[in-house]
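Have a look at the structure below before the remarks.
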Amino acid sequence: MSIAVIYGGTRENGNTEILTEQAVQGLSVEKIYLRNYDIHSIEDLRHTQGGFYEVDDDYNSIIDRIIPHDILVFATPIYWFGMSGTLKNFIDRWSQTMRDASYPDFKNSMAAKKAYVITVGGDNPYLKGLPLIQQFQYIFDFIGTSFEDYIIGEANRPGDIFQDKKALFSANQLLRK
Amino acid sequence: MSIAVIYGGTRENGNTEILTEQAVQGLSVEKIYLRNYDIHSIEDLRHTQGGFYEVDDDYNSIIDRIIPHDILVFATPIYWFGMSGTLKNFIDRWSQTMRDASYPDFKNSMAAKKAYVITVGGDNPYLKGLPLIQQFQYIFDFIGTSFEDYIIGEANRPGDIFQDKKALFSANQLLRK
Amino acid sequence: MSIAVIYGGTRENGNTEILTEQAVQGLSVEKIYLRNYDIHSIEDLRHTQGGFYEVDDDYNSIIDRIIPHDILVFATPIYWFGMSGTLKNFIDRWSQTMRDASYPDFKNSMAAKKAYVITVGGDNPYLKGLPLIQQFQYIFDFIGTSFEDYIIGEANRPGDIFQDKKALFSANQLLRK
Amino acid sequence: MSIAVIYGGTRENGNTEILTEQAVQGLSVEKIYLRNYDIHSIEDLRHTQGGFYEVDDDYNSIIDRIIPHDILVFATPIYWFGMSGTLKNFIDRWSQTMRDASYPDFKNSMAAKKAYVITVGGDNPYLKGLPLIQQFQYIFDFIGTSFEDYIIGEANRPGDIFQDKKALFSANQLLRK
């Protein structure tokens, strides 16, 4: 059981990261902080003659790192009631990888994985974070990944997450069931 | 009544653009194609001493263009069951503008506007696009903008949207009620 | 192509009925007004020795009437942001029919049908009716029925629905695609 | 702080009741099992001359019992991805009470209360129960009640809920924050 965590937050040691640390502590985990990489927005060329062309950024190197893992943890703060634009850009690019001859098994590989979502918001996230969870459900259904579980935490200022006992408990359970 | 359209799509003349054209034809509209601009992801520095610093990209110039308008139309294809990462990055940055001394009236200005959403997807968007609509609802509630109406269209290949009679009819009605 | 309409409203000639009439006019339709029948709440005896027992009400007679049809139209006003309790009681009882030796093919029969939902609400139904649509999606997924399309209309006082041009247009299209 | 629990389940000692017991143990609670009462569906007479008339059932007696309390806990199994028809019929009738001269302060009374929801389902409730939570959000927003928190539990056969450690932990916290 091999785990990669994909961090969508743009602040170091943010509440989402703290909560995710609770979930993965003691486990061997590959951590990918998307904020440290250059990932372009997708350019939708699905219907253009010639299709997609190679993009000169860090995206493929991250795909290469997640493919070997069995479990993916998507950890993102709730920005404007959704995942961060940083994480969204990463996921948008999957449309390209699904058509990339260099990754013929991308969808099959993703379909063999299990996914978890950890997300933290400051404005009533237990209600206003639900569309994000539903979006992830459709994302994972589409790519075939099994959506195992999710945690929503409530926090605003740095460290607030330590007050969310329910989220902390859930984090401790998440990968140990 | 002055209208700006904020396009989140990354393909020229895509189905979302065609549908939006139906909605705004004959009206004087300022069109902003986000794909033509450099807009960085937000770096969340809300809780950092010193706070946000100035970002050298095109974001502020677009804020300057939308502020004078009464109506904003957000037009985005559904990518992975949400708005495009391009549009999400633009909206994420509002968190910075809300704290930017150069834009002391940003929230009040947004709260005086009316918003419409036009979105098109290829995979059962009338169901799988609903979390996106709910996310926009929370976004507009937060910033204070009145969420007037939305259209979901179904299309995949270029031009498919012309087959979605319901979406076309709704587009023709949207801004004329 | 044979159609049954299941009406969940409790008011005669309500807006939901008017809108539904637009959808089915000129078509041969079996209309079932649940308010005219005695349908008990389910008593959950799935895990009780002996299981369910026969209930003396009109429920089975309605099941007998819908089973022969290819298309089911569920027409319900939005009461408290959901379907009417009247309609919910009817659907709850499906749990019993699925275990009823008198209806060994109930689920298969339902799985061969197509379903449409027509719903009308007075309090911002285009947003606040979305959880109801999502609930129907899960209902139909579970029983295997294909969820073809839905219409949300906005109306409060009797006849208001005639002002909702978008809903009327959609109703005229609904079963004619 | 005075608490009433409104049970919508139709099975004695069901998983929802067990989970709710965890939440209220040691607290003084008025428990109302809707299944033990006769509550008619609403007949929508809002727009009829004369309006609503008195209904001869147990509904008002239950309203009388909940009004004195500060906190309402709505405890319902997930039936067909929503609350039970039994509970829905109870809530639908609020439309009548809001117009009932015998209850001139009903809405104000409800608006002064805090609400919790406890719900248990067997088919992936952490995802498929979300529309129900969103529906409750709109219900409480409308009547003015503060929606404090909710728990979703996963269970199917009697007693299964004891395996849902996350739900049990949340139940123990729910009213003690």
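As written, the chains take the letters A, B, C and D, and residue 1 is the first residue of each chain.
Just so we're on the same page, contacts are C-beta pairs under 8 Å (C-beta built on N, C-alpha and C of every residue); 3 or more make two chains touch, one makes a residue touch a chain.
It should be emphasised that the depicted structure is a prediction, and the values quoted were computed from it without experimental measurement.
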{"item": "A-B against A-D, pair bridged by the larger set of C-beta contacts", "value": "A-B"}
{"item": "Copies chain C and chain D touch via same or different residues, half shared test", "value": "same"}
{"item": "Intercentroid distance (Cα basis), chain D paired with chain A, Å", "value": "35"}
{"item": "Rounded Å distance, chain A centre to chain B centre (Cα mean)", "value": "23"}
{"item": "Chain A residues counted as touching two or more neighbouring chains", "value": "130, 134"}
{"item": "Interchain pairs in contact, sorted by label", "value": "A-B, A-D, B-C, C-D"}
{"item": "Chain A residues within the chain B interface of the complex", "value": "9-11, 14, 35, 41-45, 47-48, 77, 79-86, 88-92, 94-95, 123, 128, 130-132, 134-135, 138-139, 142, 157-158"}
{"item": "Interface residues, chain D side, partner chain A - complex", "value": "126-127, 130, 133-134, 137, 147, 149-150, 165-166, 169-170, 173"}
